[in-house]
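Following this line, the structures themselves.
Presented sequentially are two complexes of chain A, the first with chain B as partner and the second with chain C.
And then the complex of A and B:
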(Lines of atoms letter the chains of each structure in order from A and count residues from 1; the text may use other names and numbers.)
(Lines give C-alpha, C1' and ligand atoms only; values in the text may rest on other atoms or scores of the structure.)
Protein backbone atom coordinates (compact mmCIF):
# COMPACT_ATOMS: atom_id res chain seq x y z
CA UNK A 1 0.00 0.00 0.00
CA UNK A 2 1.41 3.41 -0.85
CA UNK A 3 2.47 5.63 2.07
CA UNK A 4 0.65 8.91 2.27
CA UNK A 5 0.89 11.74 4.77
CA UNK A 6 -1.89 10.19 6.86
CA UNK A 7 -0.78 6.54 7.08
CA UNK A 8 1.27 7.03 10.22
CA UNK A 9 0.44 9.47 13.05
CA UNK A 10 2.39 12.76 13.09
CA UNK A 11 4.05 12.04 16.49
CA UNK A 12 7.23 9.92 16.55
CA UNK A 13 6.58 6.24 17.17
CA UNK A 14 7.85 5.11 20.62
CA UNK A 15 8.84 1.48 21.21
CA UNK A 16 8.14 0.32 24.74
CA UNK A 17 10.83 -1.81 26.35
CA UNK A 18 10.32 -5.44 27.30
CA UNK A 19 8.08 -5.88 30.38
CA UNK A 20 10.46 -8.44 31.93
CA UNK A 21 13.46 -6.18 31.47
CA UNK A 22 11.47 -3.28 32.74
CA UNK A 23 10.49 -5.18 35.89
CA UNK A 24 14.16 -6.02 36.51
CA UNK A 25 15.16 -2.39 36.00
CA UNK A 26 12.42 -1.24 38.39
CA UNK A 27 13.55 -3.71 41.07
CA UNK A 28 17.14 -2.50 40.69
CA UNK A 29 16.15 1.12 41.05
CA UNK A 30 14.00 0.35 44.11
CA UNK A 31 16.88 -1.50 45.76
CA UNK A 32 19.26 1.37 45.06
CA UNK A 33 16.87 3.89 46.57
CA UNK A 34 16.32 1.63 49.61
CA UNK A 35 20.07 1.41 50.16
CA UNK A 36 20.42 5.16 49.86
CA UNK A 37 17.68 5.75 52.41
CA UNK A 38 19.12 3.17 54.80
CA UNK A 39 22.57 4.71 54.52
CA UNK A 40 21.11 8.14 55.19
CA UNK A 41 22.54 9.79 52.09
CA UNK A 42 19.72 12.24 51.64
CA UNK A 43 20.05 15.89 52.60
CA UNK A 44 16.91 17.92 53.18
CA UNK A 45 13.56 16.26 52.60
CA UNK A 46 10.45 17.98 51.35
CA UNK A 47 6.94 16.57 51.38
CA UNK A 48 3.55 17.42 49.91
CA UNK A 49 0.91 17.00 52.59
CA UNK A 50 -2.87 17.26 52.34
CA UNK A 51 -4.11 19.07 55.45
CA UNK A 52 -7.14 21.25 56.22
CA UNK A 53 -8.47 20.74 52.67
CA UNK A 54 -5.29 22.22 51.19
CA UNK A 55 -2.06 20.75 49.86
CA UNK A 56 1.12 22.18 51.27
CA UNK A 57 4.73 21.71 50.19
CA UNK A 58 6.65 21.55 53.44
CA UNK A 59 10.22 21.07 54.59
CA UNK A 60 11.46 20.83 58.14
CA UNK A 61 11.37 23.97 60.32
CA UNK A 62 8.79 25.89 58.40
CA UNK A 63 5.55 27.59 59.44
CA UNK A 64 2.02 26.87 58.23
CA UNK A 65 -1.18 28.67 59.15
CA UNK A 66 -4.73 27.31 59.06
CA UNK A 67 -8.01 29.15 59.19
CA UNK A 68 -9.61 26.71 61.58
CA UNK A 69 -9.39 25.40 65.11
CA UNK A 70 -7.47 22.24 65.85
CA UNK A 71 -8.40 20.19 68.86
CA UNK A 72 -4.82 20.13 70.10
CA UNK A 73 -3.49 22.50 72.74
CA UNK A 74 -0.53 24.81 72.23
CA UNK A 75 2.69 22.85 72.33
CA UNK A 76 1.25 19.49 71.26
CA UNK A 77 3.14 17.32 68.84
CA UNK A 78 1.04 16.22 65.89
CA UNK A 79 1.73 13.62 63.24
CA UNK A 80 0.52 14.59 59.76
CA UNK A 81 -0.81 11.74 57.69
CA UNK A 82 -2.00 11.95 54.07
CA UNK A 83 1.43 12.44 52.54
CA UNK A 84 1.25 12.60 48.75
CA UNK A 85 4.88 13.08 47.77
CA UNK A 86 8.29 12.94 49.44
CA UNK A 87 11.45 14.09 47.77
CA UNK A 88 15.11 14.71 48.39
CA UNK A 89 17.97 15.91 46.25
CA UNK A 90 18.42 12.74 44.16
CA UNK A 91 15.15 10.86 44.35
CA UNK A 92 11.42 11.40 44.91
CA UNK A 93 8.78 8.98 46.14
CA UNK A 94 5.41 9.61 44.54
CA UNK A 95 2.31 8.13 46.12
CA UNK A 96 -0.80 6.97 44.27
CA UNK A 97 -2.37 9.04 45.73
CA UNK A 98 -1.07 8.54 49.28
CA UNK A 99 2.15 7.08 50.61
CA UNK A 100 2.16 4.44 53.30
CA UNK A 101 2.35 5.41 56.94
CA UNK A 102 5.29 3.04 57.50
CA UNK A 103 7.27 4.89 54.82
CA UNK A 104 7.00 8.55 55.85
CA UNK A 105 6.55 10.31 59.17
CA UNK A 106 5.83 14.06 59.35
CA UNK A 107 5.71 15.67 62.78
CA UNK A 108 4.53 19.16 63.63
CA UNK A 109 3.90 21.25 66.75
CA UNK A 110 1.04 23.65 67.40
CA UNK A 111 2.70 26.96 68.17
CA UNK A 112 -0.03 29.51 68.30
CA UNK A 113 -3.80 29.77 68.32
CA UNK A 114 -4.82 33.31 67.49
CA UNK A 115 -7.59 35.12 65.71
CA UNK A 116 -7.32 36.69 62.32
CA UNK A 117 -7.29 40.41 61.71
CA UNK A 118 -10.81 41.91 61.79
CA UNK A 119 -12.23 41.55 58.29
CA UNK A 120 -15.00 43.87 57.18
CA UNK A 121 -18.05 42.39 55.49
CA UNK A 122 -20.15 45.19 54.06
CA UNK A 123 -23.05 45.26 51.65
CA UNK A 124 -24.23 48.45 50.05
CA UNK A 125 -26.75 49.20 47.32
CA UNK A 126 -26.80 52.74 46.10
CA UNK A 127 -30.02 54.71 45.99
CA UNK A 128 -31.77 51.94 47.96
CA UNK A 129 -30.80 52.93 51.51
CA UNK A 130 -29.38 49.45 52.09
CA UNK A 131 -26.15 48.89 53.90
CA UNK A 132 -24.97 46.25 56.36
CA UNK A 133 -21.63 46.09 58.09
CA UNK A 134 -20.22 43.09 59.89
CA UNK A 135 -16.74 42.56 61.29
CA UNK A 136 -15.56 38.96 61.01
CA UNK A 137 -12.80 37.56 63.19
CA UNK A 138 -12.05 33.88 62.69
CA UNK A 139 -9.63 31.70 64.63
CA UNK A 140 -6.30 30.58 63.20
CA UNK A 141 -3.68 28.05 64.22
CA UNK A 142 0.02 28.14 63.43
CA UNK A 143 1.95 24.90 63.06
CA UNK A 144 5.68 24.42 62.80
CA UNK A 145 6.86 21.30 60.96
CA UNK A 146 9.53 19.69 63.09
CA UNK A 147 10.75 16.65 61.18
CA UNK A 148 10.15 14.61 58.05
CA UNK A 149 11.43 11.03 58.29
CA UNK A 150 11.53 8.24 55.73
CA UNK A 151 12.15 4.54 56.38
CA UNK A 152 13.66 2.07 53.88
CA UNK A 153 10.69 -0.23 53.36
CA UNK A 154 9.98 0.07 49.65
CA UNK A 155 8.97 -2.87 47.52
CA UNK B 1 10.51 22.12 72.65
CA UNK B 2 7.75 24.63 72.91
CA UNK B 3 8.03 28.05 74.57
CA UNK B 4 4.83 29.91 75.33
CA UNK B 5 4.96 33.44 74.00
CA UNK B 6 2.93 34.96 76.81
CA UNK B 7 5.08 36.35 79.61
CA UNK B 8 2.72 37.84 82.12
CA UNK B 9 -0.94 38.59 82.58
CA UNK B 10 -1.74 41.59 84.75
CA UNK B 11 -5.26 41.87 86.07
CA UNK B 12 -6.04 45.43 87.15
CA UNK B 13 -9.39 46.02 88.75
CA UNK B 14 -10.90 48.01 91.58
CA UNK B 15 -12.72 46.14 94.35
CA UNK B 16 -15.59 48.61 94.54
CA UNK B 17 -16.53 49.28 90.93
CA UNK B 18 -19.74 47.69 89.71
CA UNK B 19 -18.44 46.62 86.31
CA UNK B 20 -15.54 44.71 87.84
CA UNK B 21 -17.87 42.08 89.25
CA UNK B 22 -16.84 39.50 86.69
CA UNK B 23 -13.18 40.22 87.40
CA UNK B 24 -13.73 39.75 91.11
CA UNK B 25 -15.56 36.45 90.54
CA UNK B 26 -12.78 35.30 88.23
CA UNK B 27 -10.20 36.14 90.87
CA UNK B 28 -12.15 34.28 93.54
CA UNK B 29 -12.96 31.15 91.57
CA UNK B 30 -11.10 30.57 88.35
CA UNK B 31 -7.75 32.30 88.70
CA UNK B 32 -6.13 29.40 90.55
CA UNK B 33 -7.33 26.86 87.99
CA UNK B 34 -6.08 29.01 85.16
CA UNK B 35 -2.70 29.46 86.80
CA UNK B 36 -2.39 25.72 87.37
CA UNK B 37 -3.33 24.89 83.80
CA UNK B 38 -0.76 27.32 82.39
CA UNK B 39 2.27 26.92 84.67
CA UNK B 40 4.58 29.00 82.49
CA UNK B 41 2.45 32.16 82.60
CA UNK B 42 2.84 34.57 85.52
CA UNK B 43 -0.47 35.99 86.72
CA UNK B 44 -0.37 39.29 88.62
CA UNK B 45 -3.54 40.43 90.34
CA UNK B 46 -3.42 44.03 91.56
CA UNK B 47 -6.47 45.86 92.82
CA UNK B 48 -6.15 49.52 91.91
CA UNK B 49 -8.64 52.36 91.64
CA UNK B 50 -8.18 52.77 87.89
CA UNK B 51 -10.96 53.88 85.56
CA UNK B 52 -11.91 50.46 84.22
CA UNK B 53 -10.89 46.86 84.80
CA UNK B 54 -8.12 45.81 82.45
CA UNK B 55 -6.43 42.58 81.50
CA UNK B 56 -2.94 43.33 80.25
CA UNK B 57 -0.89 40.68 78.46
CA UNK B 58 2.83 41.03 77.82
CA UNK B 59 4.62 38.85 75.31
CA UNK B 60 8.20 37.77 74.85
CA UNK B 61 8.83 40.22 72.01
CA UNK B 62 7.70 43.19 74.09
CA UNK B 63 4.21 43.83 72.76
CA UNK B 64 1.61 44.70 75.36
CA UNK B 65 -2.04 43.96 74.70
CA UNK B 66 -4.73 45.46 76.90
CA UNK B 67 -8.30 44.22 76.90
CA UNK B 68 -11.25 45.58 78.78
CA UNK B 69 -13.06 43.13 81.03
CA UNK B 70 -15.76 45.49 82.28
CA UNK B 71 -19.17 43.83 82.63
CA UNK B 72 -18.02 40.40 81.52
CA UNK B 73 -18.76 37.15 83.26
CA UNK B 74 -15.93 35.10 84.71
CA UNK B 75 -16.29 32.42 82.00
CA UNK B 76 -15.81 35.03 79.31
CA UNK B 77 -12.72 36.28 81.10
CA UNK B 78 -11.40 32.70 81.25
CA UNK B 79 -11.93 32.31 77.52
CA UNK B 80 -10.24 35.64 76.86
CA UNK B 81 -7.30 34.66 79.03
CA UNK B 82 -6.88 31.31 77.24
CA UNK B 83 -7.04 33.06 73.89
CA UNK B 84 -4.36 35.53 74.96
CA UNK B 85 -2.28 32.69 76.33
CA UNK B 86 -2.36 30.95 72.97
CA UNK B 87 -1.38 34.04 70.98
CA UNK B 88 2.06 35.32 70.25
CA UNK B 89 3.07 38.94 70.36
CA UNK B 90 2.96 39.58 66.62
CA UNK B 91 0.66 42.33 65.36
CA UNK B 92 -2.70 41.13 64.16
CA UNK B 93 -2.63 42.51 60.63
CA UNK B 94 -3.26 40.99 57.25
CA UNK B 95 -0.74 38.26 56.56
CA UNK B 96 0.05 37.87 52.91
CA UNK B 97 1.16 34.23 52.90
CA UNK B 98 -0.10 31.45 55.17
CA UNK B 99 3.28 29.69 55.00
CA UNK B 100 6.90 30.63 55.56
CA UNK B 101 9.99 28.62 54.66
CA UNK B 102 13.66 29.33 54.99
CA UNK B 103 14.65 26.79 52.32
CA UNK B 104 11.99 26.97 49.60
CA UNK B 105 13.73 24.85 46.97
CA UNK B 106 15.54 21.57 47.54
CA UNK B 107 16.03 20.11 44.09
CA UNK B 108 17.00 23.47 42.67
CA UNK B 109 14.64 26.22 41.64
CA UNK B 110 13.06 25.81 38.25
CA UNK B 111 14.21 28.19 35.54
CA UNK B 112 13.20 27.95 31.89
CA UNK B 113 16.40 26.11 30.94
CA UNK B 114 15.94 23.07 33.18
CA UNK B 115 14.87 19.87 31.42
CA UNK B 116 15.96 21.16 28.04
CA UNK B 117 18.78 19.62 25.99
CA UNK B 118 21.82 21.84 25.67
CA UNK B 119 22.81 23.31 22.33
CA UNK B 120 26.03 21.27 22.05
CA UNK B 121 24.35 17.88 21.75
CA UNK B 122 21.54 18.88 19.42
CA UNK B 123 22.18 17.90 15.80
CA UNK B 124 21.44 20.80 13.58
CA UNK B 125 22.08 21.60 9.95
CA UNK B 126 25.13 23.72 10.86
CA UNK B 127 26.82 21.44 13.42
CA UNK B 128 27.19 18.44 11.09
CA UNK B 129 30.68 18.12 9.61
CA UNK B 130 30.60 18.62 5.89
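And then the complex of A and C:
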Protein backbone atom coordinates (compact mmCIF):
# COMPACT_ATOMS: atom_id res chain seq x y z
CA UNK A 1 0.00 0.00 0.00
CA UNK A 2 1.41 3.43 -0.94
CA UNK A 3 2.35 5.79 1.88
CA UNK A 4 0.17 8.90 2.05
CA UNK A 5 0.00 11.71 4.55
CA UNK A 6 -2.60 9.76 6.51
CA UNK A 7 -0.90 6.34 6.72
CA UNK A 8 0.96 7.19 9.89
CA UNK A 9 -0.45 9.47 12.64
CA UNK A 10 0.97 13.03 12.90
CA UNK A 11 2.52 12.33 16.30
CA UNK A 12 5.89 10.57 16.51
CA UNK A 13 5.65 6.87 17.18
CA UNK A 14 6.50 5.99 20.77
CA UNK A 15 6.98 2.55 22.24
CA UNK A 16 5.93 2.05 25.83
CA UNK A 17 8.23 -0.04 28.01
CA UNK A 18 7.43 -3.68 28.73
CA UNK A 19 4.55 -3.94 31.26
CA UNK A 20 6.16 -6.79 33.24
CA UNK A 21 9.44 -4.97 33.64
CA UNK A 22 7.54 -1.81 34.45
CA UNK A 23 5.61 -3.55 37.23
CA UNK A 24 8.89 -4.79 38.74
CA UNK A 25 10.39 -1.32 38.53
CA UNK A 26 7.30 0.22 40.16
CA UNK A 27 7.39 -2.32 43.02
CA UNK A 28 11.06 -1.57 43.61
CA UNK A 29 10.45 2.17 43.73
CA UNK A 30 7.50 1.75 46.11
CA UNK A 31 9.59 -0.40 48.45
CA UNK A 32 12.43 2.13 48.41
CA UNK A 33 10.07 4.99 49.24
CA UNK A 34 8.44 2.92 52.01
CA UNK A 35 11.85 2.26 53.56
CA UNK A 36 12.75 5.92 53.35
CA UNK A 37 9.52 6.94 55.07
CA UNK A 38 9.93 4.27 57.75
CA UNK A 39 13.51 5.38 58.39
CA UNK A 40 12.43 9.01 58.57
CA UNK A 41 14.91 10.22 55.94
CA UNK A 42 12.84 13.17 54.81
CA UNK A 43 13.29 16.81 55.74
CA UNK A 44 10.37 19.24 55.67
CA UNK A 45 7.14 17.87 54.21
CA UNK A 46 4.73 19.96 52.19
CA UNK A 47 1.15 18.98 51.36
CA UNK A 48 -1.60 20.21 49.09
CA UNK A 49 -4.88 20.17 51.00
CA UNK A 50 -8.42 20.86 49.79
CA UNK A 51 -10.16 22.88 52.50
CA UNK A 52 -12.97 25.45 52.53
CA UNK A 53 -13.47 24.88 48.77
CA UNK A 54 -9.92 26.04 48.06
CA UNK A 55 -6.64 24.22 47.58
CA UNK A 56 -3.73 25.25 49.75
CA UNK A 57 -0.05 24.34 49.57
CA UNK A 58 0.98 24.06 53.22
CA UNK A 59 3.98 23.09 55.32
CA UNK A 60 4.26 22.74 59.07
CA UNK A 61 4.13 25.93 61.19
CA UNK A 62 2.44 28.11 58.64
CA UNK A 63 -0.71 30.23 58.88
CA UNK A 64 -3.85 29.93 56.76
CA UNK A 65 -6.73 32.38 56.66
CA UNK A 66 -10.13 31.49 55.25
CA UNK A 67 -13.10 33.73 54.56
CA UNK A 68 -15.71 31.76 56.43
CA UNK A 69 -16.73 30.46 59.83
CA UNK A 70 -15.49 27.18 61.27
CA UNK A 71 -17.62 25.42 63.87
CA UNK A 72 -14.65 24.95 66.17
CA UNK A 73 -13.59 27.04 69.12
CA UNK A 74 -10.24 28.82 69.33
CA UNK A 75 -7.55 26.40 70.37
CA UNK A 76 -9.20 23.27 68.95
CA UNK A 77 -6.99 20.80 67.11
CA UNK A 78 -8.35 19.91 63.70
CA UNK A 79 -7.35 17.13 61.37
CA UNK A 80 -7.42 18.14 57.68
CA UNK A 81 -8.53 15.27 55.49
CA UNK A 82 -8.72 15.55 51.69
CA UNK A 83 -4.99 15.67 51.04
CA UNK A 84 -4.18 15.81 47.32
CA UNK A 85 -0.38 15.70 47.30
CA UNK A 86 2.40 15.18 49.81
CA UNK A 87 6.03 15.79 49.02
CA UNK A 88 9.49 15.97 50.49
CA UNK A 89 12.87 16.62 48.95
CA UNK A 90 13.39 13.21 47.32
CA UNK A 91 9.88 11.84 46.73
CA UNK A 92 6.31 13.01 46.13
CA UNK A 93 3.10 11.10 46.72
CA UNK A 94 0.43 12.20 44.24
CA UNK A 95 -3.13 11.26 45.05
CA UNK A 96 -5.70 10.29 42.43
CA UNK A 97 -7.39 12.54 43.37
CA UNK A 98 -7.06 12.08 47.15
CA UNK A 99 -4.52 10.25 49.29
CA UNK A 100 -5.62 7.72 51.87
CA UNK A 101 -6.32 8.78 55.44
CA UNK A 102 -4.02 6.03 56.73
CA UNK A 103 -1.14 7.48 54.71
CA UNK A 104 -1.08 11.17 55.67
CA UNK A 105 -2.13 13.10 58.77
CA UNK A 106 -2.30 16.90 58.78
CA UNK A 107 -3.05 18.61 62.09
CA UNK A 108 -4.01 22.24 62.55
CA UNK A 109 -5.12 24.52 65.39
CA UNK A 110 -7.71 27.30 65.22
CA UNK A 111 -5.97 30.49 66.35
CA UNK A 112 -8.23 33.39 65.60
CA UNK A 113 -11.79 34.08 64.54
CA UNK A 114 -12.16 37.68 63.39
CA UNK A 115 -14.02 39.76 60.87
CA UNK A 116 -12.49 41.12 57.71
CA UNK A 117 -11.81 44.82 57.15
CA UNK A 118 -14.96 46.64 55.99
CA UNK A 119 -15.08 46.25 52.22
CA UNK A 120 -17.13 48.81 50.33
CA UNK A 121 -19.46 47.82 47.49
CA UNK A 122 -20.55 50.84 45.49
CA UNK A 123 -22.61 51.16 42.33
CA UNK A 124 -22.99 54.43 40.51
CA UNK A 125 -24.50 55.47 37.18
CA UNK A 126 -23.61 58.94 36.12
CA UNK A 127 -26.39 61.34 35.13
CA UNK A 128 -29.01 58.85 36.38
CA UNK A 129 -29.08 59.76 40.09
CA UNK A 130 -28.34 56.15 41.01
CA UNK A 131 -25.86 55.27 43.69
CA UNK A 132 -25.77 52.54 46.32
CA UNK A 133 -23.19 52.00 48.99
CA UNK A 134 -22.92 48.80 51.01
CA UNK A 135 -20.29 47.92 53.60
CA UNK A 136 -19.50 44.21 53.72
CA UNK A 137 -17.78 42.64 56.72
CA UNK A 138 -17.36 38.88 56.57
CA UNK A 139 -15.95 36.53 59.18
CA UNK A 140 -12.48 35.06 58.86
CA UNK A 141 -10.70 32.20 60.61
CA UNK A 142 -6.96 31.75 61.04
CA UNK A 143 -5.48 28.27 61.34
CA UNK A 144 -1.94 27.26 62.11
CA UNK A 145 -0.74 23.98 60.59
CA UNK A 146 1.04 22.11 63.36
CA UNK A 147 2.32 18.89 61.78
CA UNK A 148 2.22 16.84 58.62
CA UNK A 149 2.88 13.11 59.19
CA UNK A 150 3.22 10.28 56.70
CA UNK A 151 3.13 6.56 57.48
CA UNK A 152 4.85 3.82 55.46
CA UNK A 153 1.80 1.96 54.18
CA UNK A 154 2.29 2.17 50.42
CA UNK A 155 1.51 -0.81 48.25
CA UNK B 1 -48.32 72.52 81.19
CA UNK B 2 -47.13 69.59 79.04
CA UNK B 3 -45.49 70.51 75.75
CA UNK B 4 -45.63 67.60 73.32
CA UNK B 5 -44.16 69.24 70.21
CA UNK B 6 -41.15 71.56 70.01
CA UNK B 7 -41.85 75.20 69.42
CA UNK B 8 -41.97 76.10 65.75
CA UNK B 9 -39.54 79.01 65.89
CA UNK B 10 -36.64 76.75 67.09
CA UNK B 11 -34.42 75.89 64.10
CA UNK B 12 -32.01 72.97 64.24
CA UNK B 13 -28.44 73.65 63.08
CA UNK B 14 -26.06 71.04 61.73
CA UNK B 15 -23.36 70.54 64.36
CA UNK B 16 -21.36 67.60 63.05
CA UNK B 17 -20.64 68.84 59.54
CA UNK B 18 -16.89 68.45 60.21
CA UNK B 19 -17.14 64.75 60.91
CA UNK B 20 -19.42 64.08 57.96
CA UNK B 21 -16.86 65.72 55.69
CA UNK B 22 -13.98 63.86 57.30
CA UNK B 23 -15.72 60.53 56.66
CA UNK B 24 -15.33 61.14 52.95
CA UNK B 25 -11.95 62.89 53.05
CA UNK B 26 -10.31 60.07 55.01
CA UNK B 27 -10.62 57.86 51.93
CA UNK B 28 -9.08 60.55 49.73
CA UNK B 29 -5.98 61.38 51.75
CA UNK B 30 -3.60 59.49 49.47
CA UNK B 31 -4.93 61.03 46.24
CA UNK B 32 -3.01 63.49 44.10
CA UNK B 33 -3.80 67.18 43.78
CA UNK B 34 -6.68 69.15 45.27
CA UNK B 35 -8.97 66.15 45.48
CA UNK B 36 -7.26 65.09 48.69
CA UNK B 37 -8.24 68.36 50.41
CA UNK B 38 -11.37 69.87 48.86
CA UNK B 39 -14.64 68.13 49.68
CA UNK B 40 -16.43 68.78 46.40
CA UNK B 41 -13.65 67.29 44.31
CA UNK B 42 -13.00 64.52 46.82
CA UNK B 43 -16.60 63.28 46.81
CA UNK B 44 -16.44 62.62 43.09
CA UNK B 45 -13.02 60.94 43.24
CA UNK B 46 -13.91 58.77 46.22
CA UNK B 47 -17.11 57.60 44.56
CA UNK B 48 -15.21 56.62 41.41
CA UNK B 49 -12.58 54.88 43.52
CA UNK B 50 -15.19 52.74 45.29
CA UNK B 51 -16.89 51.77 42.03
CA UNK B 52 -13.55 50.86 40.48
CA UNK B 53 -12.57 48.76 43.48
CA UNK B 54 -15.81 46.74 43.36
CA UNK B 55 -15.29 46.08 39.67
CA UNK B 56 -11.64 45.19 40.21
CA UNK B 57 -12.52 42.68 42.91
CA UNK B 58 -14.46 40.70 40.29
CA UNK B 59 -11.78 41.01 37.66
CA UNK B 60 -8.94 40.09 40.01
CA UNK B 61 -10.05 36.46 39.87
CA UNK B 62 -9.86 36.40 36.06
CA UNK B 63 -6.53 38.16 36.05
CA UNK B 64 -4.94 35.82 38.59
CA UNK B 65 -6.15 32.75 36.71
CA UNK B 66 -4.58 34.03 33.49
CA UNK B 67 -1.34 34.66 35.40
CA UNK B 68 -1.28 31.12 36.77
CA UNK B 69 -1.93 29.69 33.32
CA UNK B 70 0.96 31.70 31.84
CA UNK B 71 3.29 30.48 34.56
CA UNK B 72 2.25 26.84 34.14
CA UNK B 73 2.69 27.15 30.38
CA UNK B 74 6.21 28.52 30.79
CA UNK B 75 7.17 25.79 33.25
CA UNK B 76 5.73 22.96 31.17
CA UNK B 77 7.49 24.24 28.03
CA UNK B 78 10.74 23.90 29.93
CA UNK B 79 9.92 20.20 30.27
CA UNK B 80 8.90 19.87 26.64
CA UNK B 81 5.09 19.87 26.98
CA UNK B 82 2.56 22.43 25.87
CA UNK B 83 -0.02 23.76 28.35
CA UNK B 84 -3.18 22.15 26.83
CA UNK B 85 -1.44 18.77 26.66
CA UNK B 86 -0.18 19.10 30.24
CA UNK B 87 -3.48 20.14 31.80
CA UNK B 88 -5.70 17.76 29.85
CA UNK B 89 -3.50 14.76 30.58
CA UNK B 90 -3.26 15.67 34.27
CA UNK B 91 -7.04 15.74 34.52
CA UNK B 92 -7.37 12.51 32.61
CA UNK B 93 -5.06 10.81 35.12
CA UNK B 94 -7.44 11.93 37.90
CA UNK B 95 -5.06 14.45 39.47
CA UNK B 96 -7.31 17.34 40.50
CA UNK B 97 -4.89 20.09 41.38
CA UNK B 98 -6.00 23.59 40.53
CA UNK B 99 -3.94 26.07 38.59
CA UNK B 100 -2.98 28.15 41.59
CA UNK B 101 -1.35 25.17 43.32
CA UNK B 102 0.37 23.90 40.16
CA UNK B 103 1.82 27.39 39.57
CA UNK B 104 3.10 27.46 43.18
CA UNK B 105 4.64 24.01 42.74
CA UNK B 106 6.31 25.10 39.51
CA UNK B 107 7.93 28.01 41.35
CA UNK B 108 8.87 26.44 44.67
CA UNK B 109 9.00 22.66 44.03
CA UNK B 110 10.65 22.09 40.64
CA UNK B 111 11.19 18.38 41.21
CA UNK B 112 7.51 17.80 41.94
CA UNK B 113 6.56 19.75 38.83
CA UNK B 114 8.95 17.64 36.77
CA UNK B 115 7.27 14.47 38.04
CA UNK B 116 3.84 15.90 37.19
CA UNK B 117 5.06 16.74 33.68
CA UNK B 118 6.41 13.20 33.27
CA UNK B 119 3.05 11.81 34.43
CA UNK B 120 1.22 13.94 31.87
CA UNK B 121 3.62 12.92 29.11
CA UNK B 122 3.18 9.24 29.86
CA UNK B 123 -0.63 9.56 29.92
CA UNK B 124 -0.45 11.40 26.59
CA UNK B 125 1.50 8.57 24.96
CA UNK B 126 -0.91 5.99 26.33
CA UNK B 127 -3.75 8.06 24.91
CA UNK B 128 -2.13 8.09 21.47
CA UNK B 129 -1.65 4.34 21.55
CA UNK B 130 -5.26 3.84 22.58
CA UNK B 131 -6.41 6.13 19.75
CA UNK B 132 -4.47 4.14 17.15
CA UNK B 133 -6.43 1.02 17.93
CA UNK B 134 -5.39 -2.46 16.86
CA UNK B 135 -3.52 -1.41 13.74
CA UNK B 136 -5.57 -3.68 11.48
CA UNK B 137 -7.07 -2.53 8.23
CA UNK B 138 -10.82 -1.80 8.30
CA UNK B 139 -13.13 -4.44 6.73
CA UNK B 140 -13.86 -3.99 3.08
CA UNK B 141 -17.03 -2.21 1.98
CA UNK B 142 -18.32 -5.14 -0.01
CA UNK B 143 -17.50 -7.75 2.57
CA UNK B 144 -19.45 -5.94 5.27
CA UNK B 145 -22.70 -7.71 6.17
CA UNK B 146 -25.69 -5.40 5.82
CA UNK B 147 -28.93 -6.48 7.46
CA UNK B 148 -32.12 -5.14 6.02
CA UNK B 149 -35.08 -5.42 8.31
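The definition used in the following text is that the second predicted complex is superposed on the first by the 143 of 155 C-alpha atoms of A that agree within 3 Å, B and C clash if a C-alpha of one lies under 4 Å from a C-alpha of the other, contacts with A are read in each partner's own complex, and residues count from 1 in each chain.
Simple rule for what comes next: contacts are C-beta pairs under 8 Å (C-beta built on N, C-alpha and C of every residue); 3 or more make two chains touch, one makes a residue touch a chain.
Values in this document were obtained by computation on a predicted structure and should not be read as measured data.
Asker: Look at A:35 in the shared chain and tell me whether it touches chain B only, chain C only, both, or neither; answer first, second, both or neither.
Answerer: The answer is neither, since A:35 touches no partner chain.
Asker: Touching A:26, do we find chain B (first), chain C (second), both, or neither?
Answerer: Neither: A:26 stays clear of chain B and chain C.
Asker: May I ask you to decide whether A:122 touches chain B, chain C, both, or neither, giving the answer as first, second, both or neither?
Answerer: second
Asker: Just chain B (first), just chain C (second), both, or neither: which does A:75 touch?
Answerer: In the superposition, A:75 touches chain B alone.
Asker: Considering only touches as defined above, state whether A:46 meets chain B (first), chain C (second), both or neither.
Answerer: The answer is both, since A:46 touches chain B and chain C.
Asker: Just to be sure I read the superposition right, which of the two partners does A:94 touch: chain B = first, chain C = second, or both, or neither?
Answerer: In the superposition, A:94 contacts chain C only.
Asker: Just to be sure I read the superposition right, which of the two partners does A:138 touch: chain B = first, chain C = second, or both, or neither?
Answerer: Neither partner.
Asker: Using the superposition described at the top, list the residues of chain A that contact chain B and also contact chain C.
Answerer: Looking at chain A, the two contact sets intersect at 46, 56, 87, 89, 92.
Asker: Quick check on the complex: what are the chain B residues that touch chain A?
Answerer: Result: residues 1-2, 4-5, 83, 85-88, 92-95, 98-103, 106-107 of chain B touch chain A.
Asker: What does chain A use to touch chain C in their complex?
Answerer: Interface residues on chain A, with respect to chain C: 9, 11, 14, 16, 46, 48, 55-57, 84-85, 87, 89, 92, 94-97, 119-124, 131, 133.
Asker: Chain A touches which residues of chain C in the complex?
Answerer: Counting only chain C, the residues touching chain A are 47-48, 50-51, 53-54, 57, 93-98, 100-101, 104-105, 108-109, 111-112, 115-116, 119, 125-126, 128-129, 131-132.
Asker: Spell out the part of chain A that touches chain B in their complex, as residue ranges.
Answerer: 43-46, 56, 58-59, 61-67, 74-75, 87-89, 92, 109, 111-117, 142
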